[in-house]
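Shared between the two complexes below is chain A, which pairs with chain B and chain C, respectively.
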Partner chain A sequence: MSPEYLLARAKNEELQDKGECGGAVSSIFKYLLDNEIVEGVLTLTRGIDIYDGIPSLIEDSEDIIETCGSLHCAPTMFGDLISKYLKDMKLAVAVKPCDAMAIKELEKRNQLDRDKLYEIGLNCGGTVMPITARKMIDLFYEVDPDDVVKEEIDKGKFIIELKDGTEKAVEIDELEEKGYGRRGSCQRCDLMIPRNADVACGNWGAEPGWTFIEINTEKGKDLVDAARNEGYLDIKTPSEKSLTIREKIENVMIKLAQKFQDKYLEEIYPSSEDWNKYWDRCIKCYACRDVCPVCYCKECALDKEFYVDSEQIPPDPLTFQGVRLSHMSFSCINCGQCQDVCPMEIPLALIYQRMQKKYKDKTGFIAGVNEELPPLYSPEKD
Partner chain B sequence: MKVHDKMKVVHSICPQCSVGCGINLINIDNRLVGTYPYKRHPINEGKNCKKGRDCIELVFEENRPKNPLVNKNGTFSDYSWEEALDLFVSKIKSYTPQDIGIIGSGNSTNEDLEILSKFADALGVEKKGFYAENFPAFNIETATLDDVQSSNFILIVGDVIKESPLIGRRIILARENGAEVVSADSADKTFTGLNSDKYIKIRSIGEFLDNIGPEVHNKLKDSATIIFNKLDLKEEFEKIQNIAEDSGSKILPVLKQCNTRGAMRFLPALNQEEISRLINDVKFLYVVGDNPALYAEESFKNLDFLVTQSSSINETVLLSDLVFPASCWVEKTGTFTNTTGDMQKISKTISAPAEVLEDQRIISKIAEKIGIELGDKK
Partner chain C sequence: MSDKEPKILGFCCNWCCYGGADTAGTARMQYPPGVRIIRVMCSGRINPDMILKAFKEGADGVFVGGCHIGDCHYDAGNYKWRRRANFMEDLLPEFDIDRERFRFEWISASEGEKFQKTMQEFYDKIKSLGPLERCH
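After this line comes the complex of A and B, so read on.
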């Protein structure tokens, strides 16, 4: 369908006040729960502090208020939580673009039922690893990370708000140059607006107190219409200026991501000697495989005896990483989880994203976005 | 806030080794079905080893005592708590303190160990302790994981990177920052050796420590850490401590169990020989949370009466006359002290089966029945 743009905010004053950008997303969730259209909402809630986002299943609309506000220091992944534990449930899920990509790949592999899901997309400029965030707040902001009550990413800055209400901001460029800031995969990610979800919500181009929503599917359109008709949302049409600003922000972010792709996937990409050193570290813990939201086979080739030559570590990189790479790289959505969880700090996401990118550049196939399956699964493969 | 019973993601601390990694557990209707990265945790930032991610397998559904059990001629029968406690009390009262032994575990919480230690004191039992391999009890400042990561030089004894990957990670990061890593062990080659700048094959730890040359010794003067996860003899701990003091380097002993370091505050740290001697010397043995039959079975033959308190059916349970069903780490609240000395809280995540009780409660019930005071729990 052709895109449709609108500005929305919660009618409920508490959600409007507590929610991000007028609380439109929270209000949509409340509408879905109140009217029993979904049995649960899968989203993040704040754990011990603002650096601790915990996937939570909310089933009572009274609890939606607890999920208000964004958490950028929460590099979580919802796709496999749904396919492993919640696939029989009618669910609404708040998705970053990479969550929506994982869901798309799982859907293609019949690992979840897309009809049971409402995907409420959240525009994403990237996430920061929690401990990295705490270290950089200490170093660059000279602030005790425990004194921060809120953080946001806006206009190229990572902004923190302190207990006493003061704000401090540092350019993300500066943080990332020194090895802090967003996760590597987020720096190289060029999908900021989740057009692969039912709706994509964010503050880019929005007036203060409003959420900019791009409608991506018929389901998304019906949802927003119904939430308005039932008195959950105020809706208005964005101005031309709104649209232009949003487009401009998106383009700047995409250009920046491409710059990072060129840098990390080509210019300073590890040499084969470097990779040999990385593979020497592998303890064959399978964390990369097990966390991958797309990888789903119950019987994994890596467990097959004919591939496993011995229990020695490091494993032969050809029969371990090589097999995994050949199975997964075309479908890699660059969520970076494999690298996040690697106890041995092997920069796995680089090699996977690089392979997917090469394939994308040649064929146009974008994992997590396109409807068809990647070549290993495709009936059209030669 | 009410969260759906269908799925809860909750913080926990991995009980598999002494590093103290954070791990999120996925709980569906009071069953742990999986783990999820706990990236907010300062020790491991969401990274766990295979053993760590498998920790939920320690919660046994079947292979655990669910009622007090009494062994009659090789067959176990279910007893009520009342009957089982009466049996314990009548038996223990028939022995003098010299004939009673108590063995705790580095897998128990500090709170459980504290009450066990008070129980031993109240009874006047001196033959008590827990298995700490060849590590002596110590109470010194040790290196933090951030110290490891910012070291310029790291000397490793043992295959630390393989056996404790989340300490290994800090060594790898230090090396990426330019640190030099030298490792030593008795095997021809080790995984840690492969990831070191230099590997030294040694005949014994003692001999290696006595002959550290000036080349290594000089490097130990420059923001260095000595990491070791095994000793041949208890005295070697002091040797390493002396080397560190002479050179100004830090030390990080990597202990075995999730609360070995905490247990040292409450019970004597015993090696295999000492535990075997203890068991040999007593008639009545009360084992809480450990499985000494695995490493000292020979010494069991002199025992009259063996009581084991456990959350799984293990070798020692099978040899026991009386078994108390105890809750495991996710079924209780308390603290573990990891190998770097950080005390971390664990919270009750799932309920134990109905007749399974926490160690503290079992010990308190026994004490009450015997009529001894354990004092206020700190």
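After this line comes the complex of A and C, so read on.
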């Protein structure tokens, strides 16, 4: 369907005030829960501090207010949470582009029922590891990380607000040059606007106090129309200028991501000696496999003695990561979870993204975006 | 160059390539003895894991032979294998295995000579690359 753009904000004043950009997303969730269109909303809530985003299932629309506000220090993944625990439930879920990619790959593999899901996409410029965030706030902002009450990424800056109301901002470029800032996978990610979700919401190009929404599916269109008709959303048409600004921001981000891809996946990609050192660190904890949102088999080849000798640590990389790569690297959505959870800090996301990129260049298949299964699954004669 | 005899594993499909090897054999065409053949029912049975396992177990080269495209006994097996083989060519260099150590070819049951020639070529190639050295 052809794209449709609009600006929206919550009618409810509390949501408008507490939510990001006029609380349109929270308002959509409230509409869905109030009218019992969904049984639950899966989104992030804030834990003990701003570095602690917890995936939470909200079943009472009164609690939606708790989920307001942005959390960038929460590299979480909703796809496999749904397929593992919530697939029988009618759900609305707030998704980053990579969440939507995971959901798409799982849907194609019949691991969840897309008809039961409303995917409210959130534009995403990247997430920051909580530990990195604390370190860099200490180093670059010279404040106690515990004094930070709010964080935001805007106009290329990572902005923090302190208890006393003051704001401090540092250029993300500067942070990333020194090895801080967004996660590696996020730096190399070129999908910022989740067009693979029902709607994509964000502040790029929006007027202050409003959310810019791009409608991607019929379902998304019906949802926004209904939320307006039921009195949950104020809606207006964005100006030409809004559209241009948004497009410009997106293009700048994509260019930057491609620059990072070239840098990290080609120019300074680890040598085979480096990889041998990395593989030697492996303690065969299987965390990379267990956390992978695309991996879903009940019976895994890596549990078979003929591939992975139970006595051997580190395992032979050929039949450990090699087998894993041959099973799912072409479907890798570059969420970076494997690397995040690796206790030995093996830069797994690099090799997986590199393989998916090679596969994309050869076959045109983009994991998490294309509607079809990867061509390797095809029974066709081609 | 190494004096060590290269170890080559050849997966051959029952209906074509294995027949080709048979034809080569009955016609007494000589090919290097370093090639060990495993018969599989279809090249579509081969998956990347098996190639990786072969290299792990010490093969210096891995060959896969199937029916000519369009001739698969099971209709589309060799198409499936071709997609995997193309993927395999991208994966092996990531583990520092020269993609020339992996070869796949379409050989029919009547092509004894092609089988012999392919084996000789592949053997020479592997011999010139020397034994596969891995640190694991």
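Things to note:
Here is the rule we use: the second predicted complex is superposed on the first by the 376 of 382 C-alpha atoms of A that agree within 3 Å, B and C clash if a C-alpha of one lies under 4 Å from a C-alpha of the other, contacts with A are read in each partner's own complex, and residues count from 1 in each chain.
The rule is short, and it goes like this: a residue touches a chain if its C-beta (ideal position, glycine included) is under 8 Å from a C-beta of that chain, and two chains touch if they have at least 3 such contacts.
In this text the structure is predicted, and so the values were computed from the model without any measurement.
On the superposed chain A, the two partners chain B and chain C both fit, without a clash. Judged by the touch definition given at the top, the superposed model places A:217 against neither chain B nor chain C.
When the two complexes are overlaid on their common chain A, residue A:61 makes contact with neither chain B nor chain C. When the two complexes are overlaid on their common chain A, residue A:301 makes contact with chain C while staying clear of chain B. Among chain B and chain C, the chain that touches a larger number of residues in chain A is B. By the touch criterion defined above, A:131 lies against chain B but remains apart from chain C after alignment on the C-alpha atoms of chain A. In the superposed model, A:287 makes contact with chain B only, not with chain C. With both structures placed on the common chain, the touch criterion links A:370 to neither chain B nor chain C. Of all Cα pairs spanning chain B and chain C in the superposition, the closest are 11 Å apart.
Common to the chain B-facing and chain C-facing surfaces of chain A are residues 280, 314.
Residue ranges of chain C in contact with chain A, taken from their complex: 47-49, 52-53, 55-56, 70, 75-76, 79-80, 83-84, 86-88, 90-91, 94-96, 134-136. Of all residues in chain A, only 40, 45, 47-49, 51-52, 54-60, 63, 66, 73-75, 81, 84-86, 89, 129-131, 134, 280-281, 283-287, 290-291, 313-314, 337, 340-345 touch chain B in the complex they form. The touching residues of chain B, counted against chain A in their complex, run 1-4, 6-9, 11, 24, 26, 28, 33-34, 36-37, 39-42, 44-50, 53, 161-162, 165-166, 168-169, 172-173, 176, 191, 194-195.
Chain A meets chain C in the complex at residues 272, 275-276, 279-280, 301, 306-307, 314, 316-319, 322-323, 325-327, 329-330, 351, 354-355, 358-359, 362, 375-376, 378-382.
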